[in-house]
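Both of the next two complexes hold chain A, though its partner changes from chain B to chain C.
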Partner chain A sequence: MKFEIMRDRLLDGLNDVTKAISSKTTIPILTGIKIDVTDNGVLLTGSDADITIQTFIPAEEDGNQIINIVETGSIVLQARMFNEIVRKLPTNDVEIEVKNELQTHIRSGKTEFHLIGSDASEYPLLPEISTENRFEIPADLLKSVIRETVFAVAASESRPVLTGVNWNIENDELICVATDSHRLARRKVKLENLPNGIESIVIPGKSLNELNKILGETSNPVEITMSNQQILFKTDHVLFFSRLLEGNYPDTSRLIPNEFKTNIKLDGKTFLQAIDRASLVAREDRNNVVRFETLEDDAVKISSNSPEIGKVEEQIPVESIEGEELVISFSAKYMMEALKAIHGQDVIIQFTGAMRPFILRSVHDDSILQLILPVRTY
Partner chain B sequence: MARVIFHVDMNSFYASVEQAYHPELKGKPIAIAGNPKERRGIIVTSSYEARAKGIYTTMNVAEALKTCPELIILPPDFPKYREASKAIFTILKSYTNLVEPVSIDEGYMDVTEVSKERHPLELAKEIQLRIFNELDLPCSIGIAPNKFLAKTASDMKKPMGITVLRKREVREKLWPLPVLKMHGIGESTAKKLHTLNIYTIGDLAKADERLLKQKLGKNGVRLIRRANGIDTREVDPNAIYDTKSVGNSTTLPYDIIEMKDIETTFLKLSEKVAERLEAKNLCGSTITIQIRDCHWKNQSKSKTVQNPIYLEKDIFREAMELFSKAWDGTPIRLLGVTVSNVIDKKHFAEQLSIFNFEQFAKEEPIYEIIHSMEKKFGKGIVQKGIDVKKKSYASKTSFSKDFFDDLIDK
Partner chain C sequence: MKFEIMRDRLLDGLNDVTKAISSKTTIPILTGIKIDVTDNGVLLTGSDADITIQTFIPAEEDGNQIINIVETGSIVLQARMFNEIVRKLPTNDVEIEVKNELQTHIRSGKTEFHLIGSDASEYPLLPEISTENRFEIPADLLKSVIRETVFAVAASESRPVLTGVNWNIENDELICVATDSHRLARRKVKLENLPNGIESIVIPGKSLNELNKILGETSNPVEITMSNQQILFKTDHVLFFSRLLEGNYPDTSRLIPNEFKTNIKLDGKTFLQAIDRASLVAREDRNNVVRFETLEDDAVKISSNSPEIGKVEEQIPVESIEGEELVISFSAKYMMEALKAIHGQDVIIQFTGAMRPFILRSVHDDSILQLILPVRTY
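Entry: the complex of A and B
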């Protein structure tokens, strides 16, 4: 195996695939990066057994030569070491050659590294996914769907299935739901040509976070292929495989109320700033509690009180209050994250009682819906 | 301004109290053991006469009797020790209000003010003599400009010692000693320090602060300061009332391995911890379990929960969950449960979840009534439950400071 490549292009590829590599893996070979050289280009693979990322660097792009392939072949190189070496090479031209099976030479300018690689045939095979259930979504839309839901997944492993985002396909809609049991984020997207073979899957939150880092802010389509155990996201040059979470995702649809006792329309930005201020004194408290109270004449009072730190009180005007008066306490953190996910000015908050979940959404539609469970004070 | 701090440390406290109550035991080797009949009888403390014959704390009863057949072993009598402790602190408080009890048998005094009129050494002698004459109990007193040095000083001469330790003497008196001799350094910290080539207190004093911070965290920085004789902690008379954690542990009468025995033990421990939390109106968000196996290997495992807990069933559930993750099947000698990061239950706010909100939703009408009454008559007109402090001696060991709660409402 022997090829010459531009260092920048190799680094870009390494950046993508190393996102999947974990130093904590129990399979030693997975601390390495697999390099496959074919006549068409170089394929890099990184994996932690849950996530596998592959990126392809073509030999030629738009008529420009990027890689000069001398001899095809495969090798696995220690990921962290290889990455550091490439990063620190003196020139932009890199030559990589494997001799005597595993002896790897990395040359740049007058520098030459010798690394001992591992046998590529020992590297685990890629998961196989049948191409039956497939659809497309623009990369930037997928990124926002991820951002608007993944923050709400559970951090603790006590209910493993809640550490993932639940994707449901219902007719022409993809419905994504995440909840850590204390709040919930739901995003609905209308898409064309959705498959009907698989209705519900749970994607690990960690996988989606990594995917979000790799995807660019473009409207280029991402091709998504689902099976019962795996999901594959495919862009021009990157393949992103993720294992799915097993177990039944709780039915969250019944949690979202249909009738409300108090409806408040307000400016999301102003409200977010007020909650942010109130959380300054609430922060020390583990549950970060803020008290919210409706006042007369279209205003609400936000207050927080931590005995050891101090208190804060603020009144803000709102667009309108309909229905019953209300006093409720909730986590400032959850409220801020929900408001950020809606990222709109015109927000409606709908309550059904001080001890029941309430929802937030844009006044205009319910494509992004956030639900928060209140805090009960002693 | 330089302060004058005393550390008053009672000498073999339980044994001395027994000898004061029973003068016929004076001059004889006696020891207090957890439970002389069962195996868990380990020596908690012993008189100086017994120590001279090779008896030491943590020795088990059988071994102790082999070493010293004439040893008189007594069961602990905590009410008696508590009584004596109260009397001691009453004497200390007659000199200054700045008395900080640390445990049942030791405490700090800030005598800076008193020292303006009387020489500290003379004062220490008087306190030592009063405790000896009035209560028939020996103690050692350390005199120093801060708590750390005072504690170090009281340890230098026992029994009935009075030692002055000046900051300028740290280099000569402390630096040659191995780090393990320093207060605040146990076996595991000492081991970590050894890996950094720090063997004496002097090495520690000159260690690189950044390196130690990396290895030991905040504690590393604190230890370097202490090794240089620096300690800025004030004598805080109320420190003892700030409960930081509530925990109970028990050494089992025999090594256990059956899940049923383990559950029974955890249930009892959880019950005790819950009772003590209840007595102090506390709840806590971190739970820790301690396991000591038959080879004396200790391990602890902890977890922080979103909603503070205080109920026996919740403590038990979390403890069992931690246990199942931590236990490797080795027979168990000791089990312990601790709830820490405690706060007053009044400040407790429970984050509801999608799985439990419905049971709370039933209470909504009550909250609505409270709210409407508050609006009419002012805040605080209605309160949930009543603050009644219960007494609890669910922990009756030497390590518990619960009984100091009785001193507070005088």
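Entry: the complex of A and C
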């Protein structure tokens, strides 16, 4: 194996695939990056067994030569070390050569590194995904969908399926739901050409967070291919594979109330800042609970009390209050995360009494719904 | 106690004094910030017992009222909480009032926090420093002096006095020395009006690092007042007190060689990058050792070898080599830190054989000297 490549292009590729590599892996070869050199270019692969990221650097692009391929072949190099070496090389021309099976030479200017690689044939094979169930979504829309749901997955592994986001395909809609059983986030997206072979999958929250870091804020399409065990997200040069979570995701639709006793419209940003302040006192207690109370003249009172620290109290004006008076307590953290997901637009909060779950959504847009269970205080 | 203040000014002051506060303190009241309100303004104090930082916010500045003082008094408020509350207040007008001894009310807009403060009379008193031994130094020069020496202090407490930087006053020169007994950094500064009452003090490295963060890159003078136990650095609004280390600092002057067998002039920046690359392999071994070898035709070879990882080898051109051929090994970390302290100018390295300490300095400037002990390799 031997090729010459521009350092900057190699670095870009390494930046993508290293995101999949975990130093905590129990499979030693997965601390490495697999390099496959073919006649068409160089394929880099990084994986932590759950997530696999591949990026392909073509030998030629728009008629310009990017890589000079002298001899094809494969090798696995320790990821952290290889990355840092490439980053610190003295010139933009890099030559990588493997001799005597695993002896790898990295040359640039008058610098030469010798590393001992690992046998690429020992690197785990990627699962095959049939191209049957496939659809497209713009990258920036996919990023929004991720950000608006993934924060609500369960952190604990006590019900593993809740650590993922449930994606459901119903007719022409993708419905994404996450819940940790104390709150729920739901995002609906209308899309064309959705497949009908697979109805429901659960994608690990961790995978979606990593995918979000890799996707750019562009409207370029991301091609999504689903199977029962794996999902593949494909952009221009990056392939992002994630395993799926097993087990049945609970039916959450009947949790969402559809009759309400108190409806409050307010400015999400002002409300978020007030909750953030109240949380300074609230979070010193274990539960991070704030109290919310309707007042007359379209105002609400937010307060919190921690016997050891002190208390906070504040009134904010709201646009309108319809229905019954209300005193309710909830987690400041959940409320802040829900408000951030709705992007501080005009928000409507709909309550069904102090002991029942309540929902938040944008006044203008029904596609994002956030649900929070109140906290009982005595 | 009661006053109204602009939030931004209060925040600036809090930013300075919180740098002294450590969450690891064993003295509970030192997790707090002391607020003293007098007729002239507000004095904020933070301390971890070793370092104390004070900042004074005047009631009036350039004819503008900054603080409206209603009632004088003092209180101690939990630093982290107070800081975050002030940062998140809804308006730029803040009112702080203490009622019933320790009950503190912080008001802004329609937000009100109630905190329980601590009794200011329980806050440790600052030591008095006589104004006798006093001199001035521009802030940017003081920052350079700190950065060029403090990295070389000992990290371990086995010889406590070596965790500080020794400041010596000799005639019209301030001589600053730090060593961990494997390498040494020395910076000389010519200054006018140096005091003659105190010849040698040792300032904790940690204090100098914190001071460096507070000082701005300006040529404004910093007034320095020394006693046998304390040093005070005074800028426009900030007073920075540090306790001094006890014990005799070793006489380091006789460690510095003055006869040399090999003199090498080179570009500090090129050399630093080459050592940085070699260190990628070297640091995987416990000692982080690189090998340095003179070649013919004004070049040197830098190499490192780690049985588990691999090796690296590189040649760099130098400006000149005078004297004997040389093969020597040293810590890559020490070499990089020394080169950074000399700021990548034209550097001269002077050796007295492979087993003896060697020195680095700028070709143009004698005020910074770095000394490194080589590592014996077999």
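Basically, the second predicted complex is superposed on the first by the 376 of 378 C-alpha atoms of A that agree within 3 Å, B and C clash if a C-alpha of one lies under 4 Å from a C-alpha of the other, contacts with A are read in each partner's own complex, and residues count from 1 in each chain.
Simple rule for what comes next: contacts are C-beta pairs under 8 Å (C-beta built on N, C-alpha and C of every residue); 3 or more make two chains touch, one makes a residue touch a chain.
Fair warning: this is a prediction, and the values are worked out from it, not measured in the lab.
S.K.: So in the superposed three-chain picture, is A:277 touching just chain B, just chain C, both, or none of them (first/second/both/neither)?
M.R.: The answer is second: A:277 touches chain C but not chain B.
S.K.: Between chain B and chain C, whom does A:312 touch in the aligned arrangement: first, second, both, or neither?
M.R.: Only chain C; A:312 stays clear of chain B.
S.K.: Identify the partner contact of A:111: answer first if only chain B is touched, second if only chain C is, both if each is, neither if none is.
M.R.: second
S.K.: In the superposed arrangement, which partner chain does A:373 touch: chain B (first), chain C (second), both, or neither?
M.R.: first
S.K.: Using the superposition on chain A described above, determine whether A:181 touches chain B (first), chain C (second), both, or neither.
M.R.: Touch partner of A:181: chain B, not chain C.
S.K.: For A:70, using the defined touch cut-off, is the partner it touches chain B, chain C, both, or neither? Pick first, second, both or neither.
M.R.: Neither partner.
S.K.: Have a look at where A:27 lands relative to chain B and chain C in the superposition and call it first, second, both or neither.
M.R.: A:27 contacts neither chain B nor chain C.
S.K.: Shared contact residues on chain A for chain B and chain C?
M.R.: The answer is that chain A has no such residue.
S.K.: Which residues of chain C touch chain A in their complex?
M.R.: 78, 81, 84-85, 88-90, 104, 109-116, 273-274, 276-277, 280-281, 284, 309-316
S.K.: State the interface residues of chain B toward chain A in the complex, per the touch definition above.
M.R.: 285, 306-308, 344-355, 357, 360-361, 363-364, 367-368, 371, 384
S.K.: Quick one: in the complex, what on chain A touches chain B?
M.R.: 179, 181-182, 184, 250, 252, 255, 285-287, 289, 306-307, 327, 329, 331, 353-357, 373-378
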